[in-house]
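Have a look at these structures, which come just after this line.
One chain, subunit A, appears in both complexes that follow, with subunit B as partner in the first and subunit C in the second.
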Partner chain A sequence: MTTTLARETVPAPAPRRTLPAVSARRVWSIARRVLHELERDPRARVVMVGTPGFLVVIVRRLFDSDTAFSPTGAIMVGIFPVFTMYLVGSTSLVRERSRGTLEAVLATPTSRLDLVGGYLTAAFLIAIGQSVVTATLAYTVSGLQTESPPWVFGALAGVSGLFGMSLGLLISAVVRNEGQAFQALPGFFIPQMLVTGIVWPVSEMAGWVQWLERVLPLSTVSRSLTAARLHHFGGSSLAVNLAVLLCLIVAALLGAAASIRRRTA
Partner chain B sequence: MPTTATVHITLRVLRELLRDIPTMVLFTISPTFVMVLTSGILRNHPDTWNRVGLITLGLFPTAPTFLFAAFAIQRERFRGTLEHLMTTPAHRVDILLGYIFAFTLPAVVQIVMTVGVTYGFLDLSTAAPVWAVTLMALLSSVLGVAIGLFSANLAHNELQLTKVLAAMAAPHLMLSGLFRPPDQMVGWLHALSTIAPWRYAVSAVSELQNHTRPTAALWSNLGVTVGIIGLLSAVSLGTVLTRRSA
Partner chain C sequence: MATAAIQVKDLVVYRGGKPILDGLSFEIEAGTVTGLLGPSGSGKTTLLRCVVGVQKIRSGEVRVLGQPAGSPALRQQVGYVTQTPNAYGDLTVEENVRHFAALYGRPRQGAERAIEQVGLTQYRKQRVSTLSGGQRTRACLACALVAEPRVLILDEPTAGQDPVLRRELWNYLKELATGGVTILVSSHVMDEAARCDRLLLMRDGDFIADDTPAMIRAAAGTDDLDEAFLRLVEAPRLAAAVAPHDGVPV
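Right after this comes the complex of A and B.
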């Protein structure tokens, strides 16, 4: 009797609701938000699908034959998402930071892992969508020839998208505005792209450039793609480069997650 | 007709540029870096290096002025500083000229560095004298400002501008003749390349490769390039550099 009374007067404390660090629902709602933002802007469609598709078609015409185009074409299909997702990720997050929406989002139950997960999910989906368009054009109109089936390149494009997005999220912590985030494209990505052998074959470059090619992060992407083009399902070279690429993605994401926090109280 | 207002706007934009250290580093150092890289990539192909190296040298100044001018004007427009400027006696021609001067001055530093390194260390050989190449590079940097100001038309804020610039620059580079001269392109691609503003500057620079004296092709391509700069600037005067309010 007394115990019941005590229970009535002093109710047992409700178990404290601890939110899971990551929830699929929150991740998906962040991803949907990112996708919605892009969907509203026709320029985003042009830069994500229009320009890459157009480039695949015209670059083929800069070469004399399908065989000559294939080394470049295979890299192009898989490497576009690195650039587009870097662009989308860095500029969107810089904007969220400078406009205060990041603070607002983090004031909700959304954790920073949810936020990073949401951005990555969006990047993966867009990268796959983009590669469907570029790969279709590359294999049909531009006569791309590869040993691996086209879907392997689609999957690699998805991973490239994750890579580009994680770099973008990381960079957004050190730049002040969208303009500075954009400058990394000509300043950091384009020189790397020249060295990856997308235009001129790596084997004919000077020794020190070949050495540079071995250590630059973007080379893991181009090497995976070249491996997938030369061998059925890529072989060991694809496995090694993909493993290194995944490590780079994880490292960049850890850095990005550490940099995303509430500035106010 | 540069007035005091022009000078003030030039100094202001320049000060803003100089304050932004990462931007200035990228602006002045990166072209030299790209030249060194390209020469290494093409080490075993001297002929290609002579062609591509010259074009890169003559035209690289377009890229940074294009990017930075576009972002600078977009920020002014978006944040309202342009409106403030318009309420002062400064004319929009002053703003246009101010921007061109402000971006051309750092471009001179950049060009001198790039030209010095390329001819001094990287064995670029051209028939035309070095000063002609330098002048072409200077013209390209003005072209970059003109394209940059114009492209601010196609976006409402800086976020959108990043996409516009990426979407404009990449196909432009392919069509410009850097990787394959326009007259060797297939018919429809050649036709498409006639509407790429950069292409005429590339053709003009390419003429410096084999000719010691100015050729007719050089003059006509130069004329078209100057015309494009004038046209784009005129359009920008009427669209970007206008007061929105009252």
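Right after this comes the complex of A and C.
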């Protein structure tokens, strides 16, 4: 069966307004597109929702009591989005570069701010959604105890998601394919995770490891979450770590934006 | 004579240290269909990317609708269909075209009309990765048409399609041109170019002919455009009759 191209007179061109450099409509359309692509991938759904939830329940069994679990649990509730959003950001943008859709999008009025804004919006929404699942399981099944209310952890998870996404966008500039993007997990993220106190308390580690923990990027996330657990709304520790985290996010985004070029060789 | 829709002057492009385009000049009138023909590797894609404004240029000037190629004001008015399908495979045809409608600042209803114009209405809820090659090209074309562009650049849109589809596509482009759209389309299949208003025959980054299909056939002494291309390459004396005249159309 052949389908024919419709024979229709082309309408006269509509009058053009100058479009702004950043537009909410474009940002939202890009965010929706990222969300749609994820939704279509069943493995992504499992990794994003199933695994963190599963881990939150299982890891509780490693501890004798709720109070012993809480230091680890509080960090777990807010830290998963860093990894999952890193994977989403890096693989999505690497795919866009290699398939030519990035070039097609940059030939439209879309600006780099639109692109980055769209990805960040998607990251924030997914991170919050993910934290709802992990937090529900952590507080109900695993008996997590914290000084701050659960929504604070949800918000911190959202910021973690922004952090992960900005790192993902940045790394997409230097890796050639999705496989290489995955290699940053054992190379960059997991070593930091081991040091940030999610498995063993920081205070019980060797001196040089404690010094290392103070300077690693991922520590800003774990320390914020620990502060939220220990003090009602976190206090000064949360404020300081959150500020540094936001600076890191901005730095990563500037690097990522610089790597997205409209004109290529 | 009104300002030409596309003006290229002394365009020089290097890629990987080698000159791909070395001092090209030409102009294209509004509302015409111009075919850019040549073998793979002759620089067609590079030239099209210069007109769209996504190619790094060493020197020279490219102006579209009177403005530098790639300037923000132009991006609403120039549609671009790349050689590799530039639609999102995991999304449906409808989602893709609506996405590009949002990026171009066009109303959402424009997406339905663009899908109808390329004849994919019954496939609109199907994922692009599950479409056939020809259908995928038409989906990408809808993504460009939704912009209601005044200039449309297509890079080998007929690759891998059957003769019926190819003829329909070229007819459709002709109709768009009648409505005032300037079309620059590349191909390495010579015969289908017979419907163009003008042909630019390209080889190794340079034009060996720049004229109407009829004139090129006359100069080469054959009706078969494939044969004409070969004769013009082998006998520069013949090509002189249809060679580019310093960028000004005959």
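To be clear about the criterion, the second predicted complex is superposed on the first by the 244 of 265 C-alpha atoms of A that agree within 3 Å, B and C clash if a C-alpha of one lies under 4 Å from a C-alpha of the other, contacts with A are read in each partner's own complex, and residues count from 1 in each chain.
In this section, contacts are C-beta pairs under 8 Å (C-beta built on N, C-alpha and C of every residue); 3 or more make two chains touch, one makes a residue touch a chain.
Computed from a prediction, not measured in an experiment: that's the story for all the values here.
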First, second, both or neither for A:41, with subunit B first and subunit C second: both
Which of subunit B and subunit C A:195 touches, first, second, both or neither: first
Which of subunit B and subunit C A:33 touches, first, second, both or neither: second
Which of subunit B and subunit C A:55 touches, first, second, both or neither: first
First (subunit B), second (subunit C), both or neither touched by A:104: second
Touching partner for A:23 - first (subunit B), second (subunit C), both, neither: second
Partner chain(s) touched by A:206 [first = subunit B, second = subunit C, both, neither]: first
On subunit A, positions contacted by subunit B and by subunit C: 41
Residues of subunit B touching subunit A in the complex: 20, 22-23, 26, 30, 33-34, 37-45, 48, 63-64, 67-68, 71, 75, 154-155, 158-167, 170-171, 174-175, 179-180, 185-186, 189, 192
Of all residues in subunit A, those that touch subunit B in their complex: 41, 43-44, 46-47, 50-51, 54-55, 58-59, 61-62, 83-84, 87, 91-92, 95, 175, 177-183, 185-187, 190-191, 194-195, 199-200, 204-206, 208-209
Interface residues, subunit A side, partner subunit C - complex: 2-14, 16-19, 21, 23, 25-26, 28-30, 32-33, 36-37, 40-41, 99-101, 103-110, 262-265
Residues of subunit C that touch subunit A when the two form their complex: 15-16, 52-57, 70, 72-73, 75-78, 80, 82-91, 95, 98-100, 102-106, 116-120, 122, 127, 138, 140, 143, 147-148, 150, 164-165, 168-169, 171-172, 175-176, 178-181
